[in-house]
Amino acid sequence: MEDNKRYPELRRRLSPGWWTANRHYTMYMVREWTSLFVALYSLIFIYGLSLWAMGSRADFLNFLKNPAIVGFSLIALVFTMYHAATWFYLLGAVAPVKIGRSRTKPWQALVLNLILLVIISYLAIWLLVLR
Amino acid sequence: MVDDGRVEGVTAIEVRTGELVTILGKAVIIATGGCGRIFQFTTNGWIKTGDGMALAYRAGVPLKDMEMVQYHPTLLPNTGILITEAARGEGGHLLNKDGERFLKRYVPNKMELGPRDILSRAEMSEINAGRGFEGPYGSYVNLDLTHLGKITIEDKLPFVKELAEKYLGIDPEHEPIPVRPGQHYMMGGVHTDMHGFTGMPGLYAAGEVACVSMNGANRLGSNSLTECLVFGAAAGRAAARYAVKMESPSFGNPVQGEVMMEEKRIFDQILKHEQGERISSVRTEMQNGMEKHVGIYRDENSLKEGCRIIGDLKTRLSNAIVEDKDHVYNTELVAALELDFMLDVAETIPYSAIQRRESRGAHYRTDYTKRDDANFLTHSMAHKTPGPPRIDYSPVTITRWKPEERVY
Amino acid sequence: MKAETHKVARLHAMLWGIFSLGGMIAAFLLPVLIYMTAIAYPYSLWPFNGARDPSFLVTGHLLGALFIFVTIAGSLYHGIFRFQSALTEVGLLKYRRALEAVGYFIIFVGIIVLAYYLVTWYLNGTIT
Amino acid sequence: MSQDIATIRVTRYRPEKDAKPFFQEYKVPYRHDMVVLDALNYIKAEIDGSLTYRWSCRMGVCGSCGANIDGEPKLTCASFLHEFKGRTITVEPMTHFPVIKDLVVDMQDFMEKLVKIKPWIIREKETPPEQGEYKQSAKELERYSQFSSCINCMLCYAACPIYGLNEKFLGPAATALAYRYIEDSRDQGKEVRFPIVHEMEGAWECTLVGECSVVCPKGVDPMLAIQKTKILGATNAIKSLLMPRGGR
């Protein structure tokens, strides 16, 4: 097979900016980077708890009221919601349910799961705070 | 490569590098399929250029029953995409320009379920009588599925729907599909016995390229699958049995000489011309000529014209140019070699057909419309000569089923 | 042909399983947690209305502590796991091993610290 | 049907002449029902015999005519010229694969992967034909039938950035085909195939970009197959952890 290499093949490399090539790729990359915010929020929350553990409960609460933390958390919420929505969509894409002659579409799973998210969120608040 | 009447391998081009490669083998099985690309309208892929038929033919094996060319009645015009029989099986109608189910004049008992050859001829007759539609790619008739309903089409004919939508932009639930007859299958091919053996030591063939004679003059739907599976296995076994008892061939003088001749032919002749016509124009004229003169309806004059055209084109091809002079992946050179094969194979069809002065199966002569078992219940055999092919006949072996009159 | 040897990535398969579970958690539970800590509490909105605060979530109830642990640990795992793979896709593939090492280290330390606080609070009676 | 003129910009790369690829523009008259492949054939027949590309069936079955059309991996036989009306159509060789010449790419890597997953039914013991066929219900067929529509056109590989970044990745079509056999009730080769799809460069590389399923001309959903393969891998791993011996 060495002979094949007499004439060079053209090899192309994927540039780090490949995800700008089309809309799907860009959406994908945004989806992946939302995970940064998910991770950072979690780390910040743990840091807040450490303030409490090494100081007082008030330190933790002040930390939560810090405008920078509030601001970041709001951004994190937006990205978390985006993350959740893509997750729901993918759930629908990889596990379609067959109803009669047709299969459920991913967007139907998205809507269904978003409703489920609202219910779960309410349940969590009721169970953990209101009760 | 033939050495002392025994086949000892093949020469091939490694398309990647343009090099001629010699593959020695105790036995060779040809399984290259048909030669539909000889014709203008065909369901066959671009690569179905009859290479294997030509290889065997040039090596000295006769091509059997080459006049038996099956036409399929429902091809999309232009692209030759096949609309499956199932479309008619499920109840689709063939309609002419007047919206009439014209088959009632040809096969009233079977209508759309009639055999391929009769349906193809019926469509051609309608078109010739001016009752076809005119489109950019010639005349056609309509295949109407609209009355079958969404569920039947989606469940039973999903591929038909997909093809019509993808390649014509037509929704078969609401619009009829334009169709015309076109070449579909070669009943004829490399002469073999029922073990795929060609009669030349070491050479076997299986599939459409071969003519085991299981299809007679008119193949029935799906029998090509049987042909591949059953006779493919048989050929494989026979070749293996042969190979086990033979000595390995050596790259000796006769073989080496053949390779060098082939090398010379390709690099010093075909690639050398700097001026001349394109091979594509030769190819197009062959396809049009075969369609027009050696197609569904044939007669003495049209077949003579067919022979003449192919003869002319052979001369023209030898002076044609291959623009691409590269070694790497030279598809134009490949196309030139394939065209050379095709012309050899194409020639056997009108020559075999002209001598069969009868109509039988897919072979229909307007000047001899009746079947003539007394004179032509035989296989035609086309042999390669330096000039036009020599046709002789071999007897038909009839076992269980006796030939009967076809009535529909 | 090369001899076939295939090493089933069993550990990775399990880590991926946790990642998947984490994605589910991050999708269903994290939004409400962020809402409570970053909107409801600072702006005194429902359900806190100034009466309760997020510390109640952590120590008010064992179920709350569990919720915090599952949500934060799952989200952290999922987020880091996914982000390090995203980094390999923008030109850092050759540093994959290092990225994975750093990623798992962060996950490991984060979860241990979180668990440590919750367990000590449970043991010393802060969590009721 | 009227005739329009399409402008086509094709990548040329002739390793014997050119150090680098370049674009060459051609003008092609076309009808409404003509596809990009028809245009390439027109160019080769009438304008430039040296233009090099693969094709055979012209009906989306053989899978040999894939190319990047305006940046998107597509079958040239299934891309109508009229959809690009008024624009120059850019035709490039499929992304990620090494280019041999013009639009022809090297398929070796995919071919090796295809063989690797053993795309045939594996039986512990073949039963002789006299004992009849291996029966399968419509329901069992449905579990894998979509994945058997693959025509090996490699468009999914051209669409997969993960494959572009790491060519060791088994990739969409091969994994989907492996899954097709894993799900086939007649197949008994799970023990053989699991290690292939569950090694690190098997399904695990996939990060659900999902473009493979978008570009597939046959409606196959490789992303789904890969995801299901991963789920199988994870459950197997957990099972083997819980039941170290008889788990798998």
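A few comments on the model shown:
Lettered A, B, C and D in written order, each chain numbered from 1.
What we mean here is this: a contact is a pair of C-beta atoms (placed from the backbone, for glycine too) under 8 Å apart; a residue touches a chain by one contact, two chains touch by 3 or more.
In this text the structure is predicted, and so the values were computed from the model without any measurement.
A count of C-beta contacts for the chain pairs C-D and A-C puts A-C on top.
Seen from the C-alpha centroid of chain B, the farthest chain centroid is that of C. Taking the mean of each chain's C-alpha atoms, the chain whose centre lies closest to the overall C-alpha mean is D.
Chain C and chain D have Cα centroids separated by 37 Å. The geometric centre of chain A is 12 Å away from that of chain C, both derived from CA atoms.
The distance from the centre of chain B to the centre of chain D, with each centre set as the mean of the Cα atoms, comes to 29 Å. Residues of chain A in contact with two or more other chains: 7, 19, 32. Across the assembly, chain C contributes residues 82, 85-86, 89 that each touch 2 or more other chains. Annotation for chain B: residues 16, 327-328 touch two or more other chains. Interchain contacts give a graph that is no line, ring or star and is not complete, per the touch definition above.
Applying the touch criterion to all chain pairs gives A-B, A-C, A-D, B-D, C-D. Partner chain A is touched in their complex by these residues of chain D: 13, 15-16, 21, 71-72, 93, 95-96, 98-100, 106, 161, 164-165, 207-211, 213-214, 221, 223-224, 227-228. If you check the complex, the residues on chain A that touch chain D are 7-12, 14, 18-19, 21-22, 24-25, 28, 32, 90, 93-94.
Chain B contributes residues 14, 16-17, 19, 327-328 to its touches with chain A in the complex. Those residues of chain A whose C-beta lies close enough to touch chain B in the complex are 3-4, 6-7.
Within the complex formed with chain A, the chain C residues making contact are 23-24, 26-39, 41-42, 47-48, 52-58, 60-61, 63-64, 67, 72-73, 75-76, 78-83, 85-86, 89-91, 106, 110, 113-114, 117, 120-121.
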